[in-house]
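Shared chain: chain A. Partners: chain B in the first complex, chain C in the second.
For the complex of A and B:
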């Protein structure tokens, strides 16, 4: 007996899938943005002379990196209200989790980026009389951003794929929508095949675009 | 003859790397308009001394003054000044490095304007005008929108020179500025340095290019093991070295063709 593909019932809800895809991209972009801010602060903080701060940040990074993200999602969504933090709706809760998660990974990216900046650029910045924060603002950060661009691209794609876990707390992104369509139409293969292709095309598109950006901003040392 | 106040004065400057003392008391006065060349074998402390002047290296004893202002440390207690004060002092001293050190994410012109805008607080248009004038002076008008990786070593070094002198520093430090260059690119950089020297700029030049040193400097200092071993006008030093070590040092370079 051969399986008869019938995509029609799935395609009838294709707009829902696209909407879910858009939500996933939005969640990933916000997560990356806030994650970058957290990651930068943590990367600088871990260079601090204040030992307790360095320790605290180490604990943060290692905890996050060694916990499954699904667990973090549940912890924030179900756990925080138990502790009296109610003001987050489920999307905010997920964005918070994703940002904290991305922040830990990105802090490692930025940390290695900061240490890989050749001292001679900083010395040149000192020699023309730039003050410490100006050296960071005009020399160190722009160079580091360019050096870490490939790693940032990979992180964005990872984060986008991780947004499918938001389905676990019923956020209507692509995976959640697909599960609904699957349940409504009973077209199991068609639903998940379509979702897979959407994920694949999107991830590949992002990667292609970011590689162009990388080429544009590459620092050739 | 009554001498004017020196532009640069070093008094008994000592510097240690760990337990090793690399500067063992440097005393020198450099006057406005002088082109002082510092020669010596590697490890003699010449680059270290240069880097102490704009505080890229810390020194542990003695003092350095630029235009009468004590550099880097408080009088008496030898406590390091705050970063803002040090930055302001560095802004008045130009430096050109062995490996150019151009900011890799900026064009030639942006490399020159950064300090003019962010340190000197000039308007962007004014800074661009100054940058173009200097890039023109070093022969790079056509290359002002190029990034460092699109330039040859010699061109990069000329941009670096423009970046340093555009700030109109009181003195400019040249740290082995041709050592990282391919031989065929050395001449173009030396020509620029020579051009600036003729214009009356006060310079300290650490170099291994002996024929260049001889041609461009008004005074030569021979350093050895962290001390100034001998100094004088270039002709005198190169033709009648007093110490055997200097004679041997010059002899090693005599055979070299440039």
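For the complex of A and C:
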């Protein structure tokens, strides 16, 4: 029951862990960025008058939201080459999966954001003579982004945590690195504790930073 | 397309039916175990977070915040590799249940705390005024109202847990995903089998969500 802590072997590879952490952050950021584009398009698409399009997008959102992300990762990583798409390396295929996944969740966020914009904003925009796309560009979208900012930051954090699954297809991010260090040094507690602390600190760092951004851009209604 | 010969999806799926069904059964077991244990622990944890004396509140807060800031996969690997160190001989299945249950408990605690705190203070004051003790206040006044607010996030957590069981395939628990992968390794029908497994998960989770929505409508009258 007594366990001798010895962090030296873990700290010898600390730079690898930090690199892995950086890679995870990078993956999450790219995933969020592409996911935002997908989510926005889907959110607008689900308001369209074309019924088949609405249905198709509903199927997309519900399927992705109810499907385990690990299965999606494997499907894209192993399945796409079967369909003749074999030019994605594992990082690109993971980014693709993460974007599709984030897109489904973010489309729901944006959809509720779009519906929560007061009608009088749009009416005022009409009254000063803005064209439909100008109304979206200068009135609806900026307000919607401000309203959805808290939900967006939650999504970024959970996306960052989901990048740990990239370890399953051997992308050298933090979890993968930790597993390797664990296997090489047998310092089980030390390696996983270090990884946990790194994840914790990063998550709360992101949360702290985003809360400041939220305060800066809070909508006064 | 629907021919029934070796190498076609239908034949291979029929051939692997016992394996896949066993995988599905393990997924179901894992889900039920983690959701039930996590919910019970989360209920206690949430009440402790709201009404406990400060040392208990503090400890629970540390636990909840720590677990919520660490990816589930790390928790699973930690408990899988870590618990063995203390001479606890446990299977990957148990390690997985411990990790997922702990994860579920942390999320549930936070949900329960949120819904308890959202009940107006007047309710507690009124309950005190008519002389109910703490247990009675919880039993007759607070929990019935909290349940109503608890349901939507609880159903979400349940769906997350079903999805989370797939992560146990990484530590070698043969649940639906790993059973599917083993089948794929034999017949190489990658797209078809991943797609079928995915649809199975979607079916299960969509059903849970819909049941949750139904339950929500049923309990809508519980609001004040």
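Just so it is clear, the second predicted complex is superposed on the first by the 220 of 221 C-alpha atoms of A that agree within 3 Å, B and C clash if a C-alpha of one lies under 4 Å from a C-alpha of the other, contacts with A are read in each partner's own complex, and residues count from 1 in each chain.
To be clear about the criterion, contacts are C-beta pairs under 8 Å (C-beta built on N, C-alpha and C of every residue); 3 or more make two chains touch, one makes a residue touch a chain.
Being a predicted model, the structure only gives us computed values, none of them experimental.
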Of chain B and chain C, which one touches more of chain A's residues?
-> C
Tell me which partner A:189 touches in the superposition: chain B (first), chain C (second), both or neither.
-> second
With the two structures laid over each other on chain A, which partner does A:129 touch: chain B (first), chain C (second), both, or neither?
-> first
Applying the touch criterion given at the start, work out whether A:164 contacts chain B, chain C, both or neither, answering first, second, both or neither.
-> second
After lining up the shared chain so the two structures overlap, which partner does A:75 touch, if you call chain B first and chain C second: first, second, both or neither?
-> second
Name the contact category of A:63: first (chain B only), second (chain C only), both, or neither.
-> second
Residues of chain A that lie at the interface with chain B and also at the interface with chain C = none
Parts of chain A lying in touch with chain C, wherever the complex brings them together = 1, 3, 62-63, 66-72, 74-75, 78-79, 82-83, 161-165, 167-168, 175, 178-179, 182, 188-189, 192, 195-196, 199-200, 203-204
Sort out for me which residues of chain C touch chain A in the complex.
-> 66, 69-74, 77-78, 81-82, 84-87, 159, 162-167, 169-170, 177, 181, 184, 190-191, 194-195, 197-198, 201-202, 205-206, 209
Okay, in this complex, where on chain A does chain B touch?
-> 120-121, 123-132, 134, 138-139, 142-143, 146, 217, 219-221
Provide the residue numbers of chain B that touch chain A in the complex, in ascending order.
-> 54-56, 83-84, 87-95, 97, 99, 101-105, 114-115, 118-119, 147, 149, 160, 163-164, 167
